[in-house]
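Once you scroll down, you'll see the structures, which are given as structure tokens.
In what follows, subunit A forms one complex with subunit B and a second complex with subunit C.
And then the complex of A and B:
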């Protein structure tokens, strides 16, 4: 079975030659929605300037976990977290933490592209305006820079004043990534960013992520195991709220330690 | 039982077909005495009645409203721009409706100016900040406020706002701004409730996007939610304005009813609706004044239509985005 899996997935860009320093360290994290114990006792290191993929069947807690890293779960009144996520010597789960500042450093991209119903340039500039940037030139330069980083500049440079909703789905998602880059975050969280897109747009996003990992730490939740195999340096397998296995992507896919990991990646369930 | 089954099975193909395809025309289907057709008749009938009613009212008002120009030979232009309203003068009565058109417009816009900030604030509180409390307590309270008859607002205006204005700004207290305040309070719940609905209709994904780029709650509301709700908020305000424009009773009780263009907001004034309700009772059908009042009614109707057209236009524009 594992032999077969090797033939299906191709490992292109994710051979980790040396262990990268740890940027975020997750220790004993438990997440509850009311009485529902959604994430159980997760321990996980996130390495700097690398892509970490979170895989697992629907409802396994991977998205919940991702949304905890920038405290987006705060928006859900019944959600509650325990444990430690250390980042820059602070615990992200500390209730006194300035979440607004945290989200400026840890950006997020969602499953459905969600550009603001404003112009393309305003979409990029809004995070900067929120952060207090008023200088017109700075805003203009940042717009160009961010759009270039996601490879959208040449496609939209003549229509920066047009509404962002006039773009195609794939373009909208790249715009959302550009928007997340505007504040030069350290970490970008992506929650199934390609699941609403067509294959061509998806592969464009994958290429983009491989480029971005040179400057940013990336955590991506994906349903698509081939995607994880193609782009991730590290992969974490979640099942029923537990982190079953974590390791370098190649190791996890070719030589998983746990039976359920092997079953999942070979498509026996999920 | 068994025989019956055999018979249906043996029925010729043409009979089966006649059950599937109704070859009767539209009207004969409508008059079919089956419950399906009766329901259809009821629904089509109601829709037709509605259209007939609207058309009839418009036609009737147009015919009556044009009498003063066609039969009584009043000049249309001097009627809508004239500022002298002396219908009772024995020698050379004059019909200048402009003070009333101006009064209606002034009350409407001032009322909107007073009501809009409070209504949108209330709506934001209900739909964004205290969602549970808003849905459980604020929503029913606002629905009650919408249902209070306008004469009650007029009474409150008469016994509270008028004395207040008299004490603090002099004069009688019956003036344009008093009318605008009373109508503003009256349309406030209408605007707030529609505005709250339009804020709730803003997709949550936009709020999430905003929070994810490090926006505070206030920034999210101000820069993302309000612009996204934009056109429907405008619809709420214009709907409130059209209600203010058509309000007669509450305004009449507090505005002073003087048919002159007010020189300040503290001067007494009158509106299209107040002059109609005040004067219509003591005119005889077919008299000059009676015809002139109908003309005022026609103007009122036309301006109301303009409000509706604006609302439709904004709604369409909102859909496109």
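And then the complex of A and C:
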């Protein structure tokens, strides 16, 4: 118990008092890589305008699951999924679904900051242009708006034409988040967005996510339990491909139902 | 044996090998340049070759070399880059893909004299293009195409998967991701490869002997109408290139200054190939810097 208290920080940010409406509903999802059964029979509601954290030890299937929500796993030829992920009355896993449209509504930010080797403004305008925005003023305003949302505007407003790769790692990651916001998605998926960053940059991203959840639904994979405890409204604990436990973060951390959840969050394995 | 001693022996062997390689290269280049540079003059570069008399130059041959090179590049770069993109981005691993890849490798390693024979049979005789710039460029395409395919495929494969994921996650289509993100990022390495292959094409002779021919009509550099038989731009006239000229002068030249002409031409050829290589390095560096930022 002493060890548990050490692991857990304050829950001041976990503001959920009433159940928020469900935006994405995951039912009986199984994911395979060839013969490897990577995610087993997961059922999980994702609540609107909240942060849901997926935690668990390496290889537990949390990233695989996240990448299925906007069909990034389509890139891997051996990957195969079964089940239903309902979002706006459609099943995301339907092979006939227009994944390009889906990814405009469900954006993603990766572990490694991956700005395009182009100018800062071009990084944000590229997806907009592809989506059909041609008006220069609209593009400029959108650039400013997105950069302001991630708190990067004051740092880069004088060098928007400089290469995005000249930014620091933390700035690059915030630029990647800004880029994902440009298309005004409903949902943002983040795959360990701070694990390649220093602590100061990480805490900036965490603050940013807490602000963004007022407008967006956020699902974040993290290996950092303190991070989940600090920012997530809901937490799902994955272990060996199974969803062991899901609930409000505070409940899951202070009063876990399952023994393995308790063992993991108290640092006994993982 | 003491591991320190082993280490030293290995290091010395490697240094000796590297030094031997550099020495061979430098002495060969030095030999060609020292013997040739003295015969290079403005007159040499801007006078047509004379079949019997001394004092002929290499104007037409130099022009032909560049013209064949440009036509070859126009034919190979678009097709080669598209092929490379296909192999790197679209081809699913399987029998067909590995068959295509094997074809590319075999094509790239064909002896150029065989390519020349093939070119004579197919382009010169069968299609009736005669000994011409166009036949020569088509023959060179046969062995330059696989090089460009390779260079493009390698350029794309060297990019990190993160870039591609980044594009796709933003709701871009695969093609748009390639066009706006991957191709610009791979551009420096593709350009470097293209310029290096240009050096090889520029110096090629065997494949051109039977395709571009051993003679050049009396070119009129005031007549730029491509359909005129003596126009420098005419695609269907025979065109002896610089490296073919070196070979033909050396084997059958009857002008008194054969040695001077051969030496000078060789030096010019080497200087241009060196320039191509230097350009490739510099351009690659500059563009890379431009893309990756200061």
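The working rule: the second predicted complex is superposed on the first by the 263 of 270 C-alpha atoms of A that agree within 3 Å, B and C clash if a C-alpha of one lies under 4 Å from a C-alpha of the other, contacts with A are read in each partner's own complex, and residues count from 1 in each chain.
Here, contacts are C-beta pairs under 8 Å (C-beta built on N, C-alpha and C of every residue); 3 or more make two chains touch, one makes a residue touch a chain.
Nothing here was measured: the structure is a model prediction, and the numbers come from that model.
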item: Superposition on subunit A - do subunit B and subunit C clash or fit; value: clash
item: Partner chain(s) touched by A:127 [first = subunit B, second = subunit C, both, neither]; value: both
item: Subunit B versus subunit C as contact partner of A:75, first or second or both or neither; value: both
item: Which superposed partner A:165 touches (first subunit B, second subunit C, both, neither); value: both
item: Contacts of A:47 with subunit B and subunit C, given as first, second, both or neither; value: neither
item: Shared contact residues on subunit A - subunit B and subunit C; value: 70, 72, 75, 100-104, 107-108, 110, 112, 114-118, 126-127, 130-131, 163, 165, 176, 179-180, 183
item: Sites on subunit A touched by subunit C in the complex; value: 70, 72, 75, 77, 100-104, 107-110, 112, 114-118, 126-127, 130-131, 162-166, 176, 179-180, 183
item: In the complex, subunit C residues that touch subunit A; value: 92-93, 160, 162-173, 176, 180-181, 184-185, 291-294
item: For the subunit A and subunit B complex, residues of the former touching the latter; value: 70, 72, 75, 100-104, 107-108, 110, 112, 114-118, 126-127, 129-131, 163, 165, 176, 179-180, 182-183
item: Complex interface listing, subunit B residues touching subunit A; value: 203, 205-216, 219, 223-224, 227-228, 321
